[in-house]
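Each chain gets a letter, A, B and C, in the order it is written, and its residues are counted from 1.
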Amino acid sequence: MAVSFEVPRRGSTLKEIWIQFKQASRLGWLIESNWADPFVFAVYSLIRPLSTALILVFMYLVVVRGSTSNPFFVHLYIGNAFFMYAGRVMMGISYAIIDDREHYEMLKYIYISPLKIFVFLLGRGVAQVITTTVSVLVILLLGLWPLGIRIPWSSLNWPLFFISFPLGIIAIAFMGYLIAGLALVIARHSWAIADGVGAVLYVVSGAIFPIDILPSWVQVISRAIPLTYWLELLRRSLLGSSFSPSFNTMPDWELFLWLVGLTVFFGFLGYFVFQRMNIVARRKGLIDQTSGY
Amino acid sequence: MNKAIQTIDLVREFRVKAGKDRENRVIRALDGVNLEVEQGELFGLLGPNGAGKTTLIKILVTLLYPTSGQAFVDGLDVTRDVLPIRQRINMVSGGEYSGYGILTVRETLWMFSQFYGIPYKVAFERINELLEVVGLKSEANTRVSRLSTGMRQKMNFCRGFVTGPKILFLDEPTLGLDVEAARDIRAYIKTWMEKHRDRTILLTTHYMAEADELCDRVAIIDHGKILACDTPQALKKRVSGGSILEMSLSGLDELSWLKGKPGVKGLTSSSSIEKNRTALKLVLESEEFVPEVIRELNQREIPILSVQSVEPTLEDVFLTLVGRGLSDENSTTP
Amino acid sequence: MRIPPPLELFIRSIIGRAYPRVIGANRELSWLIPETVLPLLGLAAYVYVYRAMKAPTEFVGYVVLGGAMTAYWLNILWSMASQFYWEKETANLQLYIMAPVSPMAILLGMGIGGLVASTIRAGAVIIVGSLLFGVTYQVSSLGLILLVFFLSMVALYGMGMLLASLFLLSGREAYNLSNALQEPVYLFSGFYFPVKSLGFWAAAVASIIPLTLGLDAMRQLMFPGDPTLGFLSPWVECGILLLLCPLFLYLAKVALVKMERAARIKGTLSLRWQ
């Protein structure tokens, strides 16, 4: 990789953080577009997500045998589309750690302070947000036109959407940071960890079904992660109604407060876990490890 | 009796893409090679990087088609009689890994023996013997992923012998091994050949001493052409008519200009920056040219610290024929 | 020099090549955990979707069965189709080609080894998934189920062998293609819903992938709840699979001979040369 990434040495003034963030985004973009020869890009951003969405479409059609404008289907479809951010951004961030460790061996150079790594990873996440947005838009277009999903354009709650959306992305980034911390100390199955957390969240956050259907102990987890509230807020702002009956009575502001609170909580958790694991990793000499695959 | 190996005007070309807009280039890796190796011979193929050694071996082991010309292994045509050739041969390439990290050394060797249909008992007897000889016995049950590079290469070496091939191709078998390991391997090659008189080995190497020590006959190859082919003694005799000088010079001067001087057949030089010295080896057509060379050096005010006349080695044969050293970075390519 | 009888050599080679795959599955048991848990999580999401839609209970069984079968498809993609790419990197491929045995034996060994290793994973998913989601099976003819399974595996691994041969010449393309074929086949082979709902023609085209008919037949035979959900009758599907088996094996053999020849002409049996 002929990309150099310089870490400002002293202080962490806002300007320096901004510079670092920009550099990291650029790096992330270069890495992304590195494997983005058109075919590879199409595979990751179109073929795979479209197939997954269509699996859900056919699952719905075979059981309900009704029209795709049914609110249940619309909620499911929208949830699945936006969940892509969780999967891809979170993985983008934690893979940055694994990737750097195993491919670019850059991690040892960026090991300066947790704040700086955080900014670095966030920058990498930005590149993921951009490419994911492409996929999400394609999926939504597919929903609008051939599948005939109806969105109540006149009653859309844009303000709610535009404050909830970025907040959720930040929450996702924090969770990616958390996983990255765990990936630091797990050499062998670090890929599986990132994939596994994504899969767990897909179930727990109720992306494609109302969480009420989950066993009650799982619902406790659902209510403890920001993604659940984020998806709920997005559905409300776009569709004007809840997916899950148990959220029906909760006003928007309460959902929003939960999202804010949990985002902050995960921010701190991510920070401390990362710092802790960072120390463990250094003490055990795991930073430079490659798992030789 | 059949020749073990015979090639007639063998040519192999590779088409390589030279970038987006530029035209494809054609590399002539073998350029009309004629070679005969007798049964029971240990034959060496010497040549610099890119000379075409590996290409020749790949054709002989049926992994590559010739572009034109013919090649026979044990009297069989490499393009037509593929299966019978494969039954008779094996190949080891130094520096190449083989097998799977998850298997142990013994399992790996057993696995490869199965593709030659060797019964278990015979296979394990041979494996144990081989591991003993190359000093890998204690690692027999170690997973391949935990071996060092050298150990892994020794295992790969054993793989070639396990199947008891009639004709064995060794492509730089000691590449990257430490001195001791390389010595073990050479010793094993010698004993194997003494024990099995009917077997043939074709060996390529960069190490002159290795070829000198092991081989019955040696061919020197460069740019896909065989430049000479004879016993090491006979080859050395060819240059003994001339004179070989080893000089130690003060300073780090560039010496390639010597190449064009009358009487100079080849030279290598290596300089040591710390000592501020240059070691120069010259192959001259005859002793008469010695004063000439010394005069030239004096003219350029290069102080000569010592001059010595030496017996020719295979290296000098190479130097004479190719005009440059084998692993010589300052080589003066004509 | 002993030249072994062809059949003995063939069988020894199959065993030899299958060995690392079978043994590998046992040695790296720790992999079994993520490789069971990941598909389980994936299928859990789909189970809950069906439950939320109040789908008939057999749909849960469909999903568990389909989720387990992903192990085989992943194995085909990553350990058959793109296998020779990795084998080139480690220089094993040229050793296989150079051996005095038909490369079909090597491919068969790869396939059988992969089948055994994947069956361990699929079995774990079936058992845990069934217990977790309370799947009940209504098996009327175990014999036919086993026949269907056997035929679809032979046809599937025949297809894997074909893909491996076709990609003998290629480098990273095989890897990219494996990436591109993962989810779309989950979709078109109906891993999580009855393939019939794709419509007749789409399902018919998708039937070229042996898991499509295999899954459909096994579902009909294990969960006979709603007979209208089956694509074709299990016996017909069996018959088609029976045709696919020799077809793929034959094509694999032809492709292998052609590709080996092409590789020897172009010089692409190894990535590196010294």
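Throughout what follows, contacts are C-beta pairs under 8 Å (C-beta built on N, C-alpha and C of every residue); 3 or more make two chains touch, one makes a residue touch a chain.
Keep in mind that this is a model prediction, so the values were computed, not measured.
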Most distant chain from chain C, judged by the mean position of its C-alpha atoms: B
Centrality ranking, top chain (CA atoms only): C
Between chain B and chain A, distance of the C-alpha-averaged centres to the nearest whole Å: 55
Rounded Å distance, chain B centre to chain C centre (Cα mean): 44
Averaged-CA centre spacing for the pair chain C and chain A, given as whole angstrom: 31
Touching residues (chain side chain A, partner chain C) in the complex: 39-40, 43-44, 47-48, 51-52, 54-56, 58-64, 72, 76, 188-189, 192, 195-196, 199-200, 202-203, 207-210, 213-214
Touching residues (chain side chain C, partner chain B) in the complex: 1, 3-5, 8-9, 12-13, 15-17, 19-20, 23-24, 27-28, 90-92, 94-101, 105-106, 264-265, 267, 269-270, 272-274
Residues on chain C engaged by chain A in the complex (per definition of touch): 30-31, 33-34, 37-38, 41-42, 44-46, 48-56, 59, 176, 179-180, 182-184, 186-187, 190-194, 196-198, 229
Interface residues, chain B side, partner chain C - complex: 14, 54-55, 58, 61-65, 83, 86-91, 93-100, 102-103, 107, 110-118, 159, 164, 166, 171-172, 175
